[in-house]
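Each remark here refers to the structure printed beneath this line.
The first chain written gets the first letter, and so on, giving A, B and C; residue counts start at 1 in each chain.
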Amino acid sequence: MRVSLYVPADTWLHRLDPMTKLLMAAAGVALTFVLARIESGAVLLAIFFTVLGTGRVLRQAGSVFAGVGIIAATFLIVQGLVHPTNATPLIILGPVVFYKEGLLIGLRLALRLYNILSATLVLVLATNPADLTEALVRRGAPARLGYVIMSVLQIIPTMVAQSAAIADAQRSRGMETEGSLWVRVKAFLPLMGPLVTSSLIATEERALALEVRGFGSSARPTFLKPEVRPPHAGLVRFLCVLTLAAGVAGRLLLGW
Amino acid sequence: MSTVIEARNVHFHYTPGVPVLTDVTLSIGPGATAIIGQNGAGKSTFVRLLNGLLKPVSGTILVNGVDTRTQTVASLARTVGLVFQNPSDQLFKSRVIDEVMFGPLNLGFSRDEAEARAREALAQVGLQGVETRNPYDLGLAERKLITIASVLAMGTSVIILDEPTIAQDHAGVRRLGAIVDELAAAGRTVITITHDMNFVARHFRRVVVFGQGRVLDDGDAASVFSRPDILHQTGLEAPQITRLAQALALGETPLTVEQFVDLVRRRLSGSA
Amino acid sequence: MAVVEVDNLRYRYPRQTTLALDGISFTAEAGEFIGIVGPNLSGKSTLCHALIGLVPHFYKGAIGGRVVVAGLDVHATPVAEMSRRVGLVFQNPFTQITGAKLTVYEEVAFGLEYTGVPREEMVHRIEEALRLLGLWELRDRSPFALSGGQMQRLAIASVLAMKPQVLVLDEPTSQLDPSGNREVFEAVAALCRQGITVIMAEHKIELLAEHADRLLVLHQGRLVADGTPRDVLSRAVRGELENEPAPAPPVTEAAAALGWTMPEGGFPVTLDEAVAVGRAVMAGDSGADSR
């Protein structure tokens, strides 16, 4: 019943310490903006897929990708239709014309979106939020910040789990949820209220429970388990920096 | 006793290989029936089968003769009202009266009818005067009463209460008992899941004991509470006053303080 | 020197006009088990929160009077510091699981980590707390895979590892089934025998009557009775407490109706006491009258 985006598993990626994965995510995001060409973006995405695949979280990543598919599609459509540099028609559907220039720009934007998302997912899907928080707190981040990070990462999955209970309660009062799309949209509103309220109440109760466990203490925390950096972390960190450097150099010298 | 709810050889699991209910066969009619048992014994799962939220893996649930598999939850809600344990899972309107009207409006009553029903239901649970207040400005016990009123307003012939006595104080439990008595007297089918044995003994004619997904015992309160070995299997004890009578070997199974006092007086005057 | 000293405590929540606590005064010694009873909204939770400082530091509002717990003035001490001497366990077992740890063992460590306890000391305290609450065998399980009673015991263990002198529990058995209730009460009674002062707000009067050394009865923010369960419940059943704020256990009500009194005065408040008195009456009755 763990409720977070984190997917527990035992892979090279999971075994990396949180700071290394944070570095990977940061390097990934940086590279997304450094690299200019569509081909470079595609190569970067392929690298991410390999990382996520060998980390055995590719399927969950796929769900997130599908979720933002609409946004990616909008990039393509809007840019394809109306970008100022549009000149060469590529796809014609009756009166609607999609231009090559715009489509390529839209594609580049979509690739950027997926690259940033992938970089973040490398961290989020393979790291226990509590471990990440602990790593940051060890390095001087205030404990409360750590709790905020943990809550944010946990809140959406928690709400998803809770919404099933709420839907049951409202259905039992005669609210129809099965049927046409309109019926289901109409059913949405009575679900939102209790969802938000119960999440807020649970958050307050959790905060209180943590307060009385000394969470607000100003003493420097000590940790039960000593911090462990696996042997391959060093290599991964080196590769991250190397790839970033290569990307920067490639962009400046070869226009990647 | 006419049967309103019938369960025939019901099996249920969430994941295959981990049975939650095994071969449950029950008939429930008008009046007050209590379902007792340890947490995890399958009680909450069972009542969710009665209003269609869950469908049996095998076996059948019939409500007024109709198989629940052929109905949506919303349509079964005309007959079976279920009050959940946690009010936060349900309350979403900013005024109590709107909350209580939600159910009747879903069932197709006009605004006027729904409002009249809502007011009547609130009076029945003893919550007059709070109609325009925000449910979350009231305490947990009052919010639980609001959720009960919401289901009462729907006028269903079956009313299921899932742990209504949690967090209630003595006055609250008394009020709940009065509501159960009124509903039972009016011919409705009241089914309650609860851990409060005193509450069960005082207000429920029939008691069904669940343990490890099965029905361990089923009968009137006096006979169920006179079998401590069965109760023990599911971590329960008879009400305190009943256990006192049993320890004193008084021969009968009193369910309330009044019955106990009466029994003692009879025994003492009888032996004089 | 009392472990808990509450002197004329008055408190009003922000934006309220009535006092939630209206002049409460009582003391508690080491190893005492004190039950707080009363109707909903009588101030039981507020009082529990006031013993650790959530009232007033977390809830704000207006406060008066003095509360000294384990030598610390609660109004002048931050909650984080009070939590080293006072533990508070809430109603809901689920929201007390931090969600930050994967095993029961690590969960107990959480509070110790944030208060900077050295590692060797941590290991020692975690084992002690888990063994005391009967959770040592479950130490590698996920906290979410426990039953309600086990989760509540885990919450107690987590708070206990901080080695408080006083343990406050706010309706801890609310969400539990009867065997869970018994587990919690027995665990807590064991702590009292170790010298920890336990203060528990509860509705379950039968279990309180069995385990508590003293009962405090609250009504509308005021303390209307303070004494042993025998004293308080005998007065309650005779109707001497205004507005009937505290129900007595069924055996006590029956005893009062039948005139079954304890040799030392007052009515029986537990099943065992009632059985003893009852047997004496029934035995002495072979022939004569019912007294």
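Brief remarks on what is shown
As a working rule, a residue touches a chain if its C-beta (ideal position, glycine included) is under 8 Å from a C-beta of that chain, and two chains touch if they have at least 3 such contacts.
Not measured: the values here are computed from a predicted model.
Shown here, the protein chains touch in all possible pairs.
Counting C-beta pairs in contact across A-C and across A-B shows that the higher total falls to A-C. For the pair chain B and chain C, the distance between C-alpha centroids works out to 29 Å. Computed from the mean C-alpha positions, the centre of chain A lies at a distance of 44 Å from the centre of chain B. In chain C, there is no position where the chain touches two or more neighbouring chains simultaneously. For chain C in complex with chain B, the residues that touch the partner chain are 38-41, 91, 147-149, 171, 174-180, 203, 206, 244, 246-247, 249-251, 253-254, 257-258, 271, 274-275, 278-279, 281-282, 285-290. Note for the complex: chain B touches chain C at residues 38-40, 139-141, 166-172, 195, 197-198, 235-237, 239-241, 243-244, 247-248, 256-257, 260-261, 264-265, 267-269, 271-272. Within the complex, the chain B residues that touch chain A are 48, 51, 53, 72-74, 77-78, 81-82, 84, 86, 88-93, 102-103, 106-107, 136, 150-151, 154.
Contact residues on chain C toward chain A in their complex (touch as defined above): 52, 54, 58, 78-81, 83-84, 87-88, 90, 92, 95-96, 98-102, 106, 109-119, 122-123, 142, 144-145, 155, 158-159, 162.
Per the touch definition, chain A reaches chain B in the complex via residues 162, 165-166, 168-178, 190-194, 197-198, 201.
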